[in-house]
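The following blocks contain the structures, represented as structure tokens.
Here come two complexes built around chain A, the first alongside chain B, the second alongside chain C.
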Partner chain A sequence: MKFKISKKDISTILGRVQGITGRKSNLAITANVLIKGEGQGISFVATDLETGFEGHYAADVEREGAITINAKKLFEIVQNFPGEEVLIEEIERQWIEIKNNNIVYHIVGMSPDDFPDVPRVDEVTFTRVATGNVREMIEKTVMIQAPSDEKRAHITGVCFERIQQADSQLMRMVSTDGRRLCKVDVEIGQEDNFVPGESVIVPKKGLMEAAKILDKEEFVEVGVKDNYLIFKMEKETVIIGLLEGDFPEYEQVIEKDDAFDIEVDRKLFSMMLKRMSILSSDSYNSVIFNFAANRLEVTATNPDLGESKEDMAIAFERDEVEVAFNPKYLIDTLNVINDERILVNLRDNHHPCLVEGVDEKRFLSIIMPMKI
Partner chain B sequence: MPCFGSLKEKKRTRSNPRAPPLGLPDLFCTGPRPAPLRAKPLSFPETSMTKVRILPDILSNKIAAGEVVERPASVVKELVENALDAKSRSITIDIEKGGRRLIRVADDGCGMVPDDAMLAIERYATSKIHTDEDLFNIQTLGFRGEALPSIASVSKFTLISRAEDMDIGCTLEMAGGKVTQVSETGAPRGTLISVAHLFFNTPARRKFLKGEGTEMGHIADTVSAIALAWPQVRFRLTHNGKVVKSWPATTDLRQRVEEVLGREVRGHLAPVSISRGDLTVSGFITAPEITRSTTQKIFLFVNGRPVKDRVILNTLLSGYRPRLMKGRFPMAVLTLTLPFDWVDVNVHPAKNEVRFRDASSVGSAVQEGVRLALESAEKASRRFGGGRPLTAATPSFSPMPMPREGLAGRVAEPTALFDEGPEMTGEPETSFAPLPLQPWQETDTPSLSEAGETERPLTAEDEKAPEAAPLSTDAFQPPGQFAHLRVIGQHANTYILCDAGDGLIVIDQHAAHERVVFEQLKRGGTLHSQRLLVPETVELGYRETDALEGILDKLVDFGLEVEPFGGTTFVVKSVPSILSTDSMAGLISEIAEQRVRMGKTDTLEQSLDACLILMACHGAIRAGQALSPKEITHLLTQMDACDDPSFCPHGRPTWIRWSTGSLERAFKR
Partner chain C sequence: MILHLDMDAFFAAVEQLDNPALRGKPVVVSGHSARSVVSTASYEARQYGVHSAMPLFQALKLCPHACVVPGNRRRYQEISAQVFAICREYSPLVEQVSIDEGYLDVTGCEGLFGSPVDMAQTLRQRVAKETGLTCSVGVAPVKFVAKVASDLNKPNGVYVVTPESLDAFLVALPVKKVPGAGKRTVALLDELGIRTLGDMRRFPLSTFTQKLGQAGERLYALAYGRDAAGVSGEPEEAKSISCESTLEKDTTDPAFVYARLLAQADEVAGELRRKGLFAKRVTLKLTFADFRRITRQTTLTRPTHLSGHLYAEAVTLFDREWTGQRIRLVGLGCSQISHDEATPPSQLDLFGQVARQEVRDEGWEKVEQSVDAIREKFGKYAVTRARVKK
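Presenting the complex of A and B:
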């Protein structure tokens, strides 16, 4: 195989697959990227056996064929390549030359026959969604990360739903780590070929890889079939193997009683939390919120360091409520809310606390208080 | 002099004020067996009808000898205890041929008058107790009245004794339990007993005797144990005419303990002293880094009597928790002093077992005493345990197999080269042996000893260490020390390498973080607990269910809120926020299993400690987890905040150190 491609293009493509090829799998070859040259284009394939990437690009193909080459090394080589174009050629069996003018590399590849097949899913019914919306949905949900050795599907994965409502239809992602939960909705237009379906659990890691390609094109086709979630764009496709498991019934916790809403300014609240979290540590990471008549007093105590206290005026007319939170969870949430005014729905120290924007209702975050 | 088990008129006043000070009738104790039975052993007509007979004394003494006199060391024990009961100040023990040929114990105690001496060799003749009540209020070491006749029945036995107020002493000679000669003789005050040709008339038992060295070892151990309880008495032990042990009388137990346990413990002894009402626990225990692989060097005394008691032993060890590694045991000398009627010593003929009326309060006093002793010693002196972990309990550094001739270009089988002799002879401590691990301060006692156990040959360094230790002024100061190390990097995503200027510090990230989390959990109280939005259910076995239910309310104190969910299912509602967001199911079932395993023998506190250790283990950074430089620095800072950063809660060391010197030696520089 022999082809010529612009340095910028190949850098971008290789940059997108680094996350996938960088993950350890049972097969050594998954650290490689498969490059196939056919007709007037080349395609790049990468997989970690859970998430697959496939991209088709225009290139000057002189001789058809396929190679696999270590994705990290190739990326490093082309990133630092002088000149605008890169010439890649398999000069012998699995002996790959990368050159341009006065520079040449010879890299050992592996047999393309050994490269695992990326699943081919046919007859998928895709729904068209604005790329930005999908990316936002992913970014706001994978914010709740899973510990590296976590096994439970509902924590390593995000619940993806397609819901048909009376007057609207929407896609929804819900993510949790058992202590907090967040939910992002994306409304789908009538003309976008919406298909309702069962909820599925999608690994967070795969979604993070998918988010990387959701940047260029305006729309992305999203479909679920045969245990795969597929994001398809004009040139690139990401296919993610779904997780098996049950996602907790979250519907009852997201139902809220508006009587407990407290409206606050997002920025002020967030800055106050940051100041309070200065004193928090691994073992002392709670901040106590005392809501009294039109006043919120916040205190943080760390026996190793000291304590801090701050108050702010808020509209609050109920009986006094005292509740503690891990400030990190609140800060994470406030960072991804777009509205400047937010609603904190807070009943007491036992019930989950719901946070959302005053106007923008697509994002909802639920945080469990700490025991005082 | 060994005041024979039998006659000790003078002491009797203490044990039984009601008894007449003298008076032979009382000498027959009314103890375990009624005396009348013995009165008519031979009166049964020997008809064919009677198959059951009372054994003649001589035979029953031999049988008793089987229980009391198991080996030469038990003879020594009985005789020395008699000597102590006679209030001797100096006891000399001479042994020949491991006790087979001769055991001779001479004391300067109260001695016996001739009539008493004759009685002493009768079975159940004792001066030490007189009535039923006495049996449960035993203040002397001996009391059964069995020892002398038993010993005399299986040996050639000579007793020479002179009571203090007599002008002349008496000699009594026996062979196989029969008196062969009684005569008057001149003798120093006290008693001398010679036991020659032990087991000469019981060949079967003689065959079971081990080699001379082994038997002598047992004797030395026996004498050591007794000597630890009686520092105010001078002991001298000789074997084949050579002095084996000689301990001068002292008023300072510490001195005796150091002499008996060896110089290794010097500077590493923590005094134990605790009183609970009438119960006093006192003695010395070693720092957790001075350990043995057996419990042999743990000496327990109850009212001066050496005992082996699993309950006390276990509580002693639990007082060390979590400082000891599994399978390692400290050395200790602990004396329990308690009212005589609180303890039953008449459990076993050899008297090395006892029963407590209230074993659990005795146990908790021991545990508390040990814990307090270790804590205050660690606080008082940084050198004691605080600074250094156990070093080479496992040979932690196996140098890469580098052929010695590698430089010459020959690449031979590396392993074969190691064993090859000639070049190695220059340096007996081969360069391929594990590098000697240095304690944090060079001057401290090197504890590379562990692997070698007691048999380890002393190296030059060992020799000089004890003297050097007290001079050490630049003692390691834990606070701030770890954070100031220059981090070199992470090895195998498990060990953090740091430069300490004059050496290389290797930190086990999991062990270190486990300690950090454990201490944070242990501090408890203000521990923050995160409620779960999605409560986690845990399924357990029946026994585990039962075990877990008993401690649910205690777990809440640690921020772990678990509730029964019907049947054998539990639901986790809140978790300590210090633990990562990991699944709690594994932790909960481990806690339950552990509780089942430990059963009811351990106290609740211990099993809760075990829970904390498990929680710490779950919450800690794993081995094999890559850490960012920031995380490493954070961990080091946290280690500095720990009370005892050098051991993980299981007792493994969290860090080791190779001094530049030892590296240089390894590289032959």
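Presenting the complex of A and C:
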């Protein structure tokens, strides 16, 4: 195989697959990227056996064929290439030459026959969704990451739903780590070929990889079939194997009684939390909130370091509530809310606390208090 | 001046005190299995050559009519506490080094209680009167010499090394009597013709640092009566509580190990509750048939004193680490001990698992408290877990 490609294009493509090829799998070859040259273009394939990437691009193919090469090394090589173009050629069996003017690399590849097949899913009914919305949905939900030793599907994965309501249809992602949960809805237009379906659990890692391709085009096709979630763009496709498991019944947790709403300024609240979290450590990671008549007092105590206290005026007219939270959870949430005014829906010190924007209702965050 | 108090044949003496039938007879406190070792032998048994750390079968060869008793650690602790309470009346600086021995720094207490020698005698008499047991006391200006001295007039005696006689005492003191000088050290020095601390003084320090490193340096200082160690006041609170047992025979049966861990969890958790403590870290210790030994630990999200928690963590560690080796010894311990349960607030969870766990824990809390109360009244084996054999 022999082809010529612009340095910028190949860098971008290889940048997108690093997350996938960088993940350890049971096969050594998954650290490689498969490059196939056919007719007028070349395709790049990468997989970690859970998430697969496939992209087709225009390139100057002189001789057809296929190679696999270590994705990290190839990425580093082309990134540092001077000039505009890179020439890649298989000069002997699995012996790949990468060159441009006076620079030449010879890299050992692996046999393309050993490269695992990325699953082919046919006859998928795709729904068209604005790329920005999907990306936002992913970014806000994968914010709640799973610890590296976590095995439970409902924590390592995000619940993806397609809900048909009386007058609207929406896609929803829900993510949790057992202590907090967030939900992002995206409304789907009538003409966008919405297909309602069962809830599925999608690995957070795969979603993060998918988010990387959601940058150029305006729309992405989203479809679920045969245990796969597929994101399809004009040139690129990401296909993610679904997780098996049950997602907890979260409806009860997100039920909201407006009577408990407290309105606060997002920025001021966020800054206050940051100041309070300075004293938190692994063993003392709580901040105590005292909601009293029109006044919120926040204290953080760490026996190893010291304590801090701050208060702010808020509109609050109920009986006093004292509640503890891990400030990190609140800060994470405030960082992804677009509204400047937010609603903190607080019942008492042992029920979930709901946080959302005053106007923007697509994103809802639920945080469980700590036991004082 | 420093006093070293050492109970005489402590465990055996307690058994003889509690059971008059044993008095005057050779008593050996030990486990009962073929692989047990003697933890204490009474003076009657010592006449036959039986001593601590000797395998039981060997002890029984030497003294076939010895009465072997299993030992009752709680009872020993009780008396030990009594003895050290007496010690603390004479000096604020009491360092308990084990269940049956300790140091008192009585410097400056003379005005109240008389000379150190008088104090040693009073101490010995009061211990005898109040506990019914005898002890020996060594008196010396240096800590290690006090320990050596307490052994010289045993049982039930006092031996004094005055500041004036210290030098002569050291010169004549055989190296093998010095605490911390092991077989290897003694043999090495013997090659140089050194038998006593006095002999050591004929060599330069470098001889010993070369051959023995830091231990040589220490020994050389001791030869001149310079002991860096002082009496370190109140003993620190227990940093860990653990329990281990050598199995009657090596096993590859996990169920057997589980049962043993359960018994140990019960023991350790009971100890925690008795002392009003909570532990945050659980350690599993395994020795395999080839004497290879591993310890593995895990940190809990909240401190506990429930045996069920300790057991569950130990089993998780065991399941992860054990790959079929033959097991010789199993041990369970806990550390990161504190007086209170979770002081910092703990995170609640959305779907109620934590809350459900807490309800379960509260139930177990009651169960274990009741069990403690029953055992307090009717003995350790009045109630046990069904899986734990006595």
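Just so it is clear, the second predicted complex is superposed on the first by the 372 of 372 C-alpha atoms of A that agree within 3 Å, B and C clash if a C-alpha of one lies under 4 Å from a C-alpha of the other, contacts with A are read in each partner's own complex, and residues count from 1 in each chain.
Basically, a residue touches a chain if its C-beta (ideal position, glycine included) is under 8 Å from a C-beta of that chain, and two chains touch if they have at least 3 such contacts.
These numbers were taken from a predicted model, which means no experiment stands behind them.
> Taking chain A as the common reference, can chain B and chain C both be placed on it without clashing, or not? Answer clash or fit.
After superposition on chain A, chain B vs chain C: clash.
> Touching A:Asn285 in the superposition: chain B (first), chain C (second), both, neither?
A:Asn285: touches chain B and chain C.
> Quick one: classify A:Asp167 as touching chain B (first), chain C (second), both or neither.
The answer is neither, since A:Asp167 touches no partner chain.
> Thinking of the overlay built on chain A, is A:Glu198 touched by chain B (first), by chain C (second), by both, or by neither?
In the superposition, A:Glu198 touches no partner, neither chain B nor chain C.
> Considering only touches as defined above, state whether A:Pro369 meets chain B (first), chain C (second), both or neither.
both
> Applying the document's definition of touch, where does A:Asp149 land relative to chain B and chain C: first, second, both, or neither?
Touch partner of A:Asp149: chain B, not chain C.
> Clash-wise, after the superposition, say which stretch of chain B runs into chain C: 205-213, 331-339 or 493-501.
For chain B, the listed stretch overlapping chain C after superposition is 331-339.
> Could you tell me which stretches of chain A are touched by chain B in one complex and by chain C in the other?
Of chain A, residues 176, 178-181, 248, 253, 283-286, 303, 324, 326, 350, 352, 366, 368-371 contact chain B in one complex and chain C in the other.
> Can you tell me which positions in chain B touch chain A when the two form their complex?
Its residues touching chain A are 517, 520-521, 523, 526-534, 536, 559, 561, 574, 577-578, 580-583, 622, 625, 638, 641.
> In the complex of these two chains, what residues of chain A are touching chain C?
176, 178-181, 248, 250, 253, 283-286, 288, 303, 324, 326, 350, 352, 366, 368-372
> Please output the residues of chain A touching chain B within their complex, sorted ascending.
146-152, 154-155, 176-181, 248, 253, 282-286, 301, 303-304, 324, 326, 350, 352, 366-371
> For a test of understanding, state which residues of chain C touch chain A in their complex under the given definition.
Against chain A, chain C makes touches at 343-351, 353.
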